[in-house]
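The following blocks contain the structures, represented as structure tokens.
The two complexes that follow have chain A in common; it is paired with chain B in the first and with chain C in the second.
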Partner chain A sequence: MAVGTAMVALVIGVAVLGPMLAPHTPTQFVQRPYALPSAKALLGTDGLGRDVLSRVLNGGFSVLWMSLAATAIGAALGTTIGLVAGYSRSIIDDVLMWLTDVVLAFPQVVLVLLFVSMLGPQLWLIVLVVSISHAPRVARMVRGVTIEIVNQPFIEAAETIGVPTRDILLRELLPNLVTPLMVEIGLRMTWSIGIVAGISFLGFGIQPPASDWGLMISENRDGLILQPFGVLAPLAMIAVFTIGTNLLAEAISRSASNIGDVSPNT
Partner chain B sequence: MNVVEVDRLNVEVSRTRARVARDVCFEIEAGKILALVGESGSGKTTVAMALLGHTRRGATITGGTVRLAGADILSLDRDSLRAMRGRDVSYIPQNPGIALNPSQRVGRQVAEVLETHGIGLPEKRRERVAAALQDVALPSDDAFLNRYPHELSGGQQQRLMIAMAFIAKPRAIVLDEPTTGLDILTQAHVLSTIRDMCRRHKVCALYITHDLAVVAEIADSVMVMLKGEIVEVGDKDQVLHRPAHRYTRSLLAAAPDITAFKASKGSARAEPLADKAKLAVLSGKNLSKSFGRLQVLHGLNFELRSGEVLALVGQSGSGKTTLGRSLMGLSGGCSGEIRFKGDLLPAALFDRSNDQRRTLQYIYQNPHASMNPRRTIAENVSSPFQHFFGMSRRDAHRRSVDLLAELSLPKSIADAFPREISGGECQRASIARALACSPDVIICDEITSALDVSVQASIIKLLQDLSRERGLALLFITHNIALVASIADSVAVMQGGTIVDYGPTARVLGEPRHPYTIELIEKTPSVSLSRR
Partner chain C sequence: MEREQNWSPVQGGAWLLRRALLGVATLLMISVVVFLGTQALPGDPAIAILGRDAAPDRVELLRQQLGLNVPVIQQYFNWLSGILHGDFGRSLASRRAVSGLLATRGLNSLLLVGLSAAICIPVSLALGGWSAMRRDKPADLSVWVLTTVLTALPEFIVGMVLVILFATTVTRLLPAVSMIPEGESPFYYASAFILPALTLVLATLPYLTRLFRGSMIEVLQADYVEMARLKGVMERRVVLRHAVPNALIPTVQGSALVLTYMAGGIVVVEYLFRFPGLGSALTDAIANRDLPVIQAIAVIQAALYVVVNLLADYLTIRLTPRLRTSHG
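Our next item is the complex of A and B:
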């Protein structure tokens, strides 16, 4: 828990406070291109002579908000679909599952590239498409768990004491989904970070000269031998973020599962 | 000769250092059955597991010796213990449905015991499996051996477990409530199989149970356990008929007995009911129900008057739960005419009015499963107040706390989660939830079968009081015909989806007319009618 929290806090801190701490602006010419670390530029410079440290400190926010937003929207959408499908046990279930299958058929990155190439590199579009591509994956999981829980008598008991359907979904079922949902959200967050960073690596995300971790890896990979920190620094940040979210999600789900367990006593 | 000798056995929970077994001493002779009686949490299973050199995770054996045919089990290392289990001492668990591997065929599963211990020649093993199955009166042809556990009935599964336990010819066998999940006729069969096998193979058995009537049926001697200590040991007749310890006496008093109805019930309540003939709150006419092509209910008729307790008795699979659920409108309802307080009741739950839903309530067999595990008891109980009476969350909470107190539950329970409280407390809480609806009729589906005898008695008492005070009508579904004697005004006996016998309790139990009722009553174990 502590390690995960620390890692995530570090990344969020860098992304949010970084721009204030940066010694230079992200676009300022500091030294000759691909200069190795020195007192002037602690992590060296990139291909255009800009300070790598300043660019790393400035480049986190886009990855952070985009992956968070995509995960949140995707998880909310997927949970809703999964709950409705799992609880309805009717044609609604079938239709929703067919729809999710269609989305699932596209690899996530390909789906994003398809839309971005049609509608242009817009950040909200990336967030939206990534979240839509997450939704069926979350929905599948939520539906599976829901079906299992729905068969337990306490849901039936809630029906017989007149609890409206909306409350059954939100107040009877949802709390019992917390554990698997946290794990899933952690996993989806990891994927979001990867896809968002990957898309900007491919040049479809944030446009130069703005700074972005994914973009930096792409910009500086030509100088990898000359000045490895241009690639390694943003890479390390992405790695810390990904691993941190995973550890944190796992810790949260573990403490949540201590509250009560779905497993019947029979 | 004593096969099992246990001397001053102590078991502790490592974390809290609480002793779950305290200076337990006993021995069992070859071919004899020792019954270990006690409530859940008394340490029965802990003691039984020690015979296998095993403790539950988090517990340790802190002292004493366990000898099996002279050898000290507790001094064995892991490998020798593993070799011993299943070969010298075997175990039959409570729920065979869970204990059997669902993806392994029956024959392989039985043969596995022989393979693991390298007993007999590989080519002879099939014969030996067949012989073991014949021993417990199961078919031994290839078709049966190739079945999966879920294709067997509960009784067959348990007999299969018995066959597996006996196949390696162990010296001792430990049985942990092996008949608890079975209905009476199956139980009678399983009990006689166990008794037979122990006598024939000269195997001594430790039989754990909380059901004294079963003890009367099967045991040679009895040992009573309370809070980790043995409070009474002795010959069966002595313990059951001349109990020395106070606790044993209270257990005996709490055990429902089929012969009890003559004393407490009968004609006294039959007459006032006749006056209120027009007050039938719930009645069914020609109720039928099919699952696909399988018809499970065949044109049932019954009537339940306010304040009346109608017991629905039958073996598992007789359709009694299906009837209860159909009346509730669950799983799609049934065909036929259900009248509730004079009005025709729609078949499906979702077609019923709020008022109809509120006044017809259902209590489940497993209290823990029927409560939302992620919400506190008070939150679970307050739902009806919010949804049927439109109370605010705070008012509903206050009312449910009051209601829990009325059912003599301790205050701390309100904020506890279901899994933190005992089965009896949880069942009381689910009764509270049903009462929160101010119902006219409550359908109780095997609500005491998961509970200890003394807890069962207190729940029955509670229901009787409620029925008397509030004029509640109860439809009491059970497979335990002994329980019927102590609670019901009238009884309907179900077999194969039809009601075969129906009438006042005194008549049905006292002068049973249908052969099936007679069989049920005869096969019901009873402390006072104990026979060998």
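Our next item is the complex of A and C:
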């Protein structure tokens, strides 16, 4: 837990405070291309002679806000679908689950690329599609837990005394979902970072000359033999971020042993 | 699965038929999503492809080429009936039939995914089983640490680390770029497969390892395993004859998930290694706004998920006598 928190805090710190600490602007020419680390550029320069350190310090914010937003929207959407499906105990459940299956059929990156292909690389669109691709995964978990709870006496009691459905969903069911949801959000966040950074890596996310960790890896990989830090530094940041969020999810799931094993791939 | 106890018992055949029909409905819905996401957007796809300041006669030509001059509903049915006949249209970039491109690129990707799965599945089973037998001992914990770290890492990070270690900075043992000249048999270019396959294996290994570990631990505590032990059956035999076959059943669905996950993973992995497969064909097509190719690959990717999962469901039923006879 402590390790995970420290890792996530480090990355958030770099992403938020980095732009203020950067010695150069991210697009400024500092030294000859692919220069090795020196006093002028502590992590060397990239293929256009820009300071790698400054670009790393500036390149985290896009990954951070996009993955946070996609996770939050996806979790909210998925929780709503899962609660309604699990509580309805009717054809609504079957239809909703079938619809989630349609979305699940697309690999998450492919779904994003599909919509980006014609509408262009717009960041809000990427956030929206990533969140839609998360929703079925969250929904299935929420539905599963809801179905377990819904047959318990306290729900029946609430129904008998005429508590409105909305209140049953929000006040009786949702509080029981907090712990599994926190685990799920941790896992979804790990995946969001991977997808958002991956889309930038593919060149369909944030566009040059802006600085972004995924984009940096893709831009600097041709110079790996000359100057490895242009790839290593953003790569380390993404790795620390995803391992951190995953450790957090793992820690929450272990502290609440009744949830059982969580599968990270689904 | 939770609600299925409430259903009246159905025969495996009827259940399978129901699943197959649902699968067809899912496939249809997939085609609608792909069509809506690409062709039926607000605005003119022809202008989206050529750019805002394209000459009107070129736009008109492309509209005819793509069949955009009929109502949207009819465009959809024309496109769908083409797919059902194996005709995915013509690539806007190369002017070749999309189906031809899919065949050559698809073979490379199929080999890549097949090779990766053929490594991933046995290795994860061995690792998961080994870890389960040593539960909470140092070996188990080291597997836990390894899988926790690997699970968290996106494929392109894993792939870049491999490139740094084996193809550029640290050593140069393997090619960083997977060259398979077009028209030549991929079998002559084995070294092109090593790093991409290793990336896919490392990305999926943690999930299946943990799945099998959990499944083995559960089975090893089951009554029938205890019974066998009490009867004096040797531990080795208990594990191999009684525990493993039952613990393997959930890994059928797990392997299906690994396969579909790899099918998505090839997009990033093939781009990274410039491997000439379906995944890199998709990223190339998006860069060129090659609409028919994008549509075809998205449909194939999603259809694969439906088919693989249907097969896995079928296999799971065949392997579980309890499900085969009563409800399921």
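The working rule: the second predicted complex is superposed on the first by the 248 of 266 C-alpha atoms of A that agree within 3 Å, B and C clash if a C-alpha of one lies under 4 Å from a C-alpha of the other, contacts with A are read in each partner's own complex, and residues count from 1 in each chain.
The working rule: contacts are C-beta pairs under 8 Å (C-beta built on N, C-alpha and C of every residue); 3 or more make two chains touch, one makes a residue touch a chain.
Bear in mind the structure is a predicted one, so any value in this text is a computation, not a measurement.
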{"item": "Partner chain(s) touched by A:175 [first = chain B, second = chain C, both, neither]", "value": "first"}
{"item": "Which superposed partner A:231 touches (first chain B, second chain C, both, neither)", "value": "second"}
{"item": "In the superposition, chain B vs chain C on chain A residues touched", "value": "C"}
{"item": "Which of chain B and chain C A:221 touches, first, second, both or neither", "value": "second"}
{"item": "Touching partner for A:47 - first (chain B), second (chain C), both, neither", "value": "neither"}
{"item": "Which of chain B and chain C A:115 touches, first, second, both or neither", "value": "second"}
{"item": "Which of chain B and chain C A:154 touches, first, second, both or neither", "value": "first"}
{"item": "Which superposed partner A:19 touches (first chain B, second chain C, both, neither)", "value": "neither"}
{"item": "Chain B versus chain C as contact partner of A:37, first or second or both or neither", "value": "neither"}
{"item": "Overlapping contact positions on chain A, where the chain C interface meets the chain B interface", "value": "261, 264-266"}
{"item": "Touching residues on chain A, where the partner in the complex is chain B", "value": "152-154, 156-164, 167, 171-172, 175-176, 178, 259-262, 264-266"}
{"item": "Residues on chain A engaged by chain C in the complex (per definition of touch)", "value": "89, 93, 98-99, 101-102, 104-110, 113-119, 144, 147-148, 190, 193-195, 197-198, 201-204, 214, 217, 221, 224-225, 228, 231-232, 235, 238-239, 242-243, 245-247, 250, 261, 263-266"}
{"item": "Parts of chain C lying in touch with chain A, wherever the complex brings them together", "value": "2-3, 22, 25-26, 29-30, 33-34, 37-39, 41, 45, 48, 148-149, 151-157, 160-161, 163-164, 168-169, 176, 204, 206-207, 210-211, 214, 257-258, 260-261, 263-265, 267-268, 271-272, 282-283, 285-287, 289, 291, 294, 297-298, 301-303, 305-306"}
{"item": "Contact set on chain B toward chain A in their complex", "value": "95, 328, 330, 349, 354, 357-358, 361-362, 364, 366, 368-375, 380, 383-384, 387-388, 417-419, 423, 430, 433, 436-437, 450"}
